[in-house]
Amino acid sequence: MSTESGTAVGTVDVVMGPERLNELIDGQFPDYPACRVVEVDRRTLTMAVDGNRLRTRPGGTISGPEQAGLVDLAAFLLINARLGPTLMALTSSLQINFLNRPRPGDLQVRARTAKFGRRLCVVLAELLDADDVLVASATLTYAIPPIPEPSPPRE
Amino acid sequence: MSTESGTAVGTVDVVMGPERLNELIDGQFPDYPACRVVEVDRRTLTMAVDGNRLRTRPGGTISGPEQAGLVDLAAFLLINARLGPTLMALTSSLQINFLNRPRPGDLQVRARTAKFGRRLCVVLAELLDADDVLVASATLTYAIPPIPEPSPPRE
Amino acid sequence: MSTESGTAVGTVDVVMGPERLNELIDGQFPDYPACRVVEVDRRTLTMAVDGNRLRTRPGGTISGPEQAGLVDLAAFLLINARLGPTLMALTSSLQINFLNRPRPGDLQVRARTAKFGRRLCVVLAELLDADDVLVASATLTYAIPPIPEPSPPRE
Amino acid sequence: MSTESGTAVGTVDVVMGPERLNELIDGQFPDYPACRVVEVDRRTLTMAVDGNRLRTRPGGTISGPEQAGLVDLAAFLLINARLGPTLMALTSSLQINFLNRPRPGDLQVRARTAKFGRRLCVVLAELLDADDVLVASATLTYAIPPIPEPSPPRE
């Protein structure tokens, strides 16, 4: 559905595509090597998660805060995809329901914007396991910084 | 209000006091060396957090998921304090509002039970910085496992 | 997608279809004459809402609690559709984000189950206006009563 | 702690005290005749609720949306108390946990600000019954309109 980023001729869907978003993960979120953006457009983002590289809790499940971290990262990346690098976009609220214990293995986060205002952005996100079972469902609110950071030069 | 645990003569307030809860952190939550329970009774728990040992996000702030992890741990410990070791108490929902950027330094989590049912426990938690500024406010729901795990022998 | 209720031969999708659910509204929720179920299956329910029959707040918008009432009713009806009459299914938590002011006129609620456990049911619901603009997004948790109420006789 | 409003000599705690807030209820929220503000300061507000004048749901309990309406109203009034009449302060999110069925009779809402920013206000509210049992616990976010409405003249 979505294609590569703002560098492509005639593609104004998103400012940052999967490649640049994954560089952002590597540069700014070293705790999340498990995560790779695989698809993004202005309203939705899909992120693949290597289940073997996540923090677990007693019982072997992926911990709740780790699941919260995954949906939070996906929401942050979706905002950056649309606005360009916006490191100071900050989560103002996070609400997550833990629904089913994931099957061990890879996971996927699917995020979409419910509202994209100038100051506030609301993102709905779902975490699914390899069997497409819904593991968690989340609503995140982000405060968008008032003065956009200048976009880095594009080659 | 309440101090040491159910081992003390005549103290039936909680099954596990700060000392045993901190052993639980060390044994089961190695990602949270920053956290020490300092006070607990049947309804409330206070946990001190070494701010220098937490995960930060771009901008230097303590990341949202890390803050979520702190309130989640405090809620889990409060349930264990009251019921005895209940490792399979699982978070079923977590809602957190990020209110103010914490001053660098130590933090404190104050948790209290809003409801303690047989199957479901609702905990309200606040994260404060060294100036007593409210950093985050959270509501957590825990599912209590139906069959209590046997208490370990007490020396 | 979904058809009429459990009374139809070979249809085990839902126990109660739109017609019986609308009778349930009339009998038990006289405050919600504006609401009519138009489609339901085991996982999703669509409810039409007459926008002229809702409570407004200063400024003329449909009040937040009124919007909360609409998603709560839709979630309740979805549970009843699947389980049969379960009047004592009780909301245990409700989280709603108000996203856009609705255009005056008719509204629609779309609800779907995120988890349907024996004791707990999590429903995601969206409220849309006549232009399909997302007005509110909600997550509701329902406690299912342990002993199911006997189904009424079916003619 | 705080008593009557900004009209009293030397009292700058709040712009609107209980009397003016109750006039606001009567003028703008005719659906809530059950509610009377009894105490307010810059950070907290207590509202008494006549339990006999509330909407119930099947089973005779006060309905969830009605409880949501009570905490929402208290949060709105707390913001108006501090800022002066601000009818266009709008709820942007509401999260409520229903904890215990209230004893029939009068209720009380206790609200306090967790954050009071220029654009966003977060209010924590609790609903208690006549036995001081916690009936519901809520977190509300309000968007404060950018241009303050002019304060009405004070006599």
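Order as written gives the chain letters A, B, C and D; numbering starts at 1 within each chain.
One rule holds for everything that comes next: a contact is a pair of C-beta atoms (placed from the backbone, for glycine too) under 8 Å apart; a residue touches a chain by one contact, two chains touch by 3 or more.
By chain, UniProt protein names: A, B, C, D = PaaI family thioesterase.
Source: prediction; values computed, not measured.
Path length between chain A and chain D in the chain contact graph, taken as the least number of steps between touching chains: 1.
Using mean Cα coordinates as chain centres, the one most removed from chain C is B. Between the chain pairs C-D and A-C, more C-beta pairs are in contact across C-D.
Each chain gets one centre point, the mean of its Cα atoms, and the points for chain C and chain D are 27 Å apart. Work out the mean CA point of chain A and of chain C, and you get 30 Å between them. Touching two or more other chains at once are residues 92-93, 95, 97, 141 of chain C.
Residue ranges on chain B touching chain A, taken from their complex, read 28-29, 31, 55, 57-59, 61, 63-66, 68-69, 72, 87-88, 90-98.
By the touch criterion given at the top, residues 95, 97, 99-100, 114-115, 122, 124, 134, 137, 139, 141 of chain B touch chain D in their complex. For chain B in complex with chain C, the residues that touch the partner chain are 92-93, 95, 119-120, 141, 143.
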